[in-house]
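Pasting the structures here.
Here chain A shows up in two complexes: once beside chain B, once beside chain C.
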Partner chain A sequence: MRGSRALPLASSRPLLRPRLRTALVAYLFLAPALVLLGVFTFAPLVFGTLLAFADYNILRPPRWVGLENFRILLEDPAFWVALRNSLRYLAVVPAIQLVALLLALLVNRRLAGITLFRAAYYVPVITSFAVAGLMWNWMYAQHGVMNWVGLRLGLLPRPFDWLNHPTLALYAVMLVTFWKGIGYYMVLYLAGLQALPQELLEAARVDGAGRFRTFLSVTLPMLRPTLLLCTLLSTLAAVKVFEEVYVMTGGGPFGQTTTALLYVYQKAFQEFRFGLAAAAGLFVAVIGLVLSLLHVRIFREGGLRPW
Partner chain B sequence: MRRAVGVVIALFLLAASVRAGTPGISLEFWTISLRPFFTNYITELIRTYEGQNPGVRVHWVDQPVGAVVQKLLSSLAAGAPPDVVNLNVPMAAELAQQEGLLALDGLLRPEDRTRYFEGMLGSFRIGGRIYGLPWYVAPPVVAYNGEIWRRAGLDPDRPPRTTDELITYAKRIKDHTGLYGFMPNVNGTNLLQRFQEAGLPILEDRRAVFNSPRHVQELEKWVRLFRQDYFPEDTLRRGYLGATELYTAGELGMLITGPQFLLRVRHENRAVYDRTRVGPYPLDRGRVIHAPLMGLSIPRTTRRPQEAVRFALYVTDDRNQLAFCRIVTIFPTARAAARDPFFSRLPPNPTPEDHARTLSARQLPLARDLTVVVPHQGELMKAFRDNIEAAFFGHKTPKQALDDAVRRWNARL
Partner chain C sequence: MVTKLRSAVGHMLLYGLLGVVALFTLFPFLWTLRTALSTAGSVFTFPPRFLPEKAGLGNFTEVVRTLPVGRYFLNSVVLTVYGVTGTLAVASLAAYPLARLDFPGRNLLLLALLGTLLLPNEAGFVVNFLTLSQLGLVNTYTGVVLPSLASVVGIFLLRQAYLAIPQELVDAARVDGASEFRIWAQIVLPLSRPALAALGVFSFVAHWNSFIWPLVVLKDPDRYPLAVGLLYLQGLFAHSTRLIAAGTVLAMLPILAVFCFAQRFFLRGLEGALR
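Take a look at the complex of A and B:
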């Protein structure tokens, strides 16, 4: 009789081994992020790398040209000027880190209204570059407030257009990057400072260490992970600087403020040489990678040991 | 229950068949920076077209001037371009060279071509083929601040007639008032147009020739004025936008610009607008005036080229051009529209814009878009711009700058 037949017992062995099952579940959870990363990061990375070896104007299919784009790049003086400017931009890194750290120490106090200061320092970070660029454009203009102040203080012989000065323009833009970035790094340092165990700071004080000694011997070494993060982010941002230069000078006068990524943009979107732009982009990526490795190495080997 | 499902399916099929039966045509139309001042004009234009062409829907998108080329490129690469797009001559030239635009020669009837001034349609002839229909043109005028002129001892009833006179006036204003007299259009690649206005050639037999002694002399003239501080440094970086701002602030003696920018002066500083007088654009030896031209182009991969051309012809027809010119001081590219008495008669109590309109209309026969179109447009224009800036800032002599630019051009031409 069909009804009396016993159902086969479920197998006592699981379908998948527990470790495999755990891994599968983990990958299932990771899948949405992996798909997004694959489509929007890894695929463009591979495509961009391949483009560096092709002649491509976005509208026609790419044509393989081997190392031709790299030859053009290496022979283009404008590319070397752009690269030099990007490396000069690294000067912002120590300045911004030092000031951000000092500000973080200042606002890491229990004072009435301190939140207002923290917010005020952070406002430039959330201001768009289009707005900030326009504002600084007016300030740097020949009839702008920078010249007015400089003239009143007797620091300038005559008013001039800061963003059109062949030597000063790049530094003027760097100042804007500095102004806009301080708040961001200040918040990161503030988070790092607030995570420090208070017992260690108290112990140092009990042992007779002054504020300066406590900072050098306890705070700074313990902030090393935050320092690594901040200097790394800041270095990469400096090498990849684009928006402020694009908005404020467009790379002029005569290419003196063109940075590596602006060069990439000009080749791609103004000259329609996407292959050449990809080759230049690859160059910048390699520089960024080398600087990142250097950073990690310095901090891991204790480049900033306590004094 | 079954009956209800059946009714729903039947209704769905009916709706689908009705939808399929309508010859629905959707066109996407891109303009450059026409919102918000001209929103009413464009929406009314589209509404009328849709009324005259049942089943056609036009979707209007206004793009900022600095992003339109990049956005068009992206949309072309993505296979979803607009059907009709507003471009100026340099933009159309660059995109046509990259094979992004449709050549219109085979889609235009003879009477469509003769509708426009030949020179203006010719500005969109790139490599021998037509890549755009001229829409409107804005020949420049000289707007000047009557009060600053009086302080400089100049007669506001006697505007400059030649480039040399313009320079003399600008020097006098600077020397007598301390304010700058003008911000000449010598930034970027504008000197290529200035050379032509001075009667000097740019290309001969597909070779760059803009380094003759006369070209060098012309560049030296502007470099000297710059070094002597007769025009502000901002001129080289900010061009006409910087000039309009300074003039609007009452800090500039003369504004050399398309008359449509008087609208901005009126909106932002009524006092300066009330002191503004307008004179004709001073002529140089070439007796030609560079007038930036706007046109309508059709992207190469549009799915509806015939309908797109029909819409572009409608937007640029006599009636619609004239209606546009009545709300802003621009000029038609269509011959019949340009003959309208609106451009030759002053109304009672004329405004600076009314004066600008009649003055520019008189100079319209001399106006042409003098944009130089060369292969590798972006690269060669950048080479020219960089060399000219190097000359202004003393990093190269004018001769050296022009020689270098010509060498670079001829290596790529």
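Take a look at the complex of A and C:
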């Protein structure tokens, strides 16, 4: 790639000057992006880590406290509740991925009005969490639709206060994550499905494989890169869940639905304990990193290869 | 005859299934629209009324008249325009040398950019708030927009588009003595219009919808964008559900309008554009 894109003029002139000029021009083009990324992306990587070992509340200059923040975290029951909820949230991943994949298979065909259906499934994806939270709060209200459906189907003995239940509230919020997520992953799976070589699928059919067999033995194995990407993105998003919890329960009742990142947010912007917040953030980052490594490993070593 | 019947039944089952899922994804919107349009009777009745007793646009005029929703809407417009133009400018400039110039450090830069997408940065927003307060940008729109202005995904998206432009066009311009800036402005940018449009649309949705960061940075409720303002009003006026529902519909309208015209960008999948 390097050779073909090189400046054609460079060969007929002294080497250094045009090269230097090109470099100068290149970095001028890059300057705004590099400054912004430097200040708001790369610097926080470094300072965020340092901050985790300091006590800082804006009023007084930061003070190095070693591992004190981590000790406070590990002794704070609220932090453990937050971590537990973030890990519990992983339950939403298989649900989203299974339904998104099935939906992708369902809409991956020429059918009158199919683009309308695809669009309908995608609208929640481009909806603000603020709007989604408001709408779903009405759905979950005492006299809301969820209770009505539950009563009609005989699943509930009486109207239920979904968002104020210490354990079920988190699952009620998960449904919103599910609602907002299936369209997004459906589109990714659809792109993966449409990139599959059609000859292979036809060959399987000619060989007499049924639809289900073709799916298991041809489509699914070839879809592995997309599966890896989608499940990884979904896993990380679940561990870092924050917005929907913030708008729907605010972590309540009694902090029982606080998630790890919501805890970080509360420590930083409600209690102004920035060092403690950074330490909690670092904790989540490490968990995310470990989960991604595990995930890639499982996929590579064929934990997902029963066929 | 039998196979025809079977395929007709199959079609009906398929449409039925598709319809049930669509009902699930669209129902909260329809319910909100119903609430926003109903001008009489109680909002929550049991069993629920799926069509309003009396319908009209009264809630929309009232929400704009009695609550600062019009102001929030304008704030959102300002923030979004700021964010989208900034994102497009920064990314379209940065992508040019990464795609078209051979300079020392290019591969390292590409690697570092990719790294930002992979490395977890959970304490980042805490540090960014501290940085903004050092720079005196708390409670300003610049503070809201600046941290997310350099979109790495956007840079890669445009770089991909720039790479597809035939080298002969660029060479011809260079032989004619055009500067790199002119080549970028007059050849590369016009030929990358679809990618620029895609990035513009994605960034529009992201900026219009964002609410956590504006909430952190903005201290003055008069400056809130609509997404933040609606949550704020909901906290203040828990009783006026109809008005908040009307505001929620207003917040969705621009997104739905853009989605109608730019559906293909979303439904083709971002990674398709990145590949």
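Please note the rule applied: the second predicted complex is superposed on the first by the 267 of 307 C-alpha atoms of A that agree within 3 Å, B and C clash if a C-alpha of one lies under 4 Å from a C-alpha of the other, contacts with A are read in each partner's own complex, and residues count from 1 in each chain.
The working rule: a residue touches a chain if its C-beta (ideal position, glycine included) is under 8 Å from a C-beta of that chain, and two chains touch if they have at least 3 such contacts.
Since the model is a prediction, treat every value here as computed from it, not as a measurement.
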| item | value |
| --- | --- |
| Which superposed partner A:Ala141 touches (first chain B, second chain C, both, neither) | both |
| Touched partner set for A:Ala285, first chain B, second chain C, both or neither | second |
| First (chain B), second (chain C), both or neither touched by A:Leu201 | neither |
| First, second, both or neither for A:Glu271, with chain B first and chain C second | first |
| Partner chain(s) touched by A:Thr22 [first = chain B, second = chain C, both, neither] | second |
| Partner chain(s) touched by A:Ala191 [first = chain B, second = chain C, both, neither] | second |
| Which of chain B and chain C A:Leu59 touches, first, second, both or neither | first |
| Touched partner set for A:Ala95, first chain B, second chain C, both or neither | neither |
| First (chain B), second (chain C), both or neither touched by A:Pro253 | first |
| When both partners are placed on the shared chain, which of chain B and chain C touches more of chain A | C |
| Chain B and chain C footprints on chain A, overlapping residues | 58, 141-143, 269 |
| Partner chain C, residues of chain A touching it in the complex | 2, 4-9, 19, 22-23, 25-27, 29-30, 32-34, 36-37, 39-45, 47-49, 51-52, 56, 58, 103, 106-107, 111, 115, 117-136, 138-139, 141-145, 148, 159, 179, 182-183, 187-188, 190-191, 229, 240, 242-243, 246-247, 261, 264-265, 268-269, 274, 277-278, 281-282, 284-286, 288-289 |
| Interfacial residue positions of chain B with respect to chain A in the complex | 69-70, 73, 76-77, 94, 98-100, 229, 232-234, 236-238, 242, 246, 249, 251, 300, 376, 378-379, 382, 385-387, 389-390, 392-393, 395 |
| Chain A residues within the chain B interface of the complex | 57-60, 78, 141-143, 158, 160-161, 163-164, 166, 249-250, 252-255, 266, 269-273 |
| Chain C - residues contacting chain A, complex | 14, 17-18, 21-22, 24-29, 31-32, 35, 44-48, 89-91, 93-94, 96-98, 100-106, 109, 112-113, 116, 119-131, 133, 146-150, 152, 155, 167, 171, 174, 180-181, 184, 205, 208-212, 216, 227-228, 230-231, 234, 241, 244-245, 248, 251-252, 255-256, 259, 263, 266-269, 271-272 |
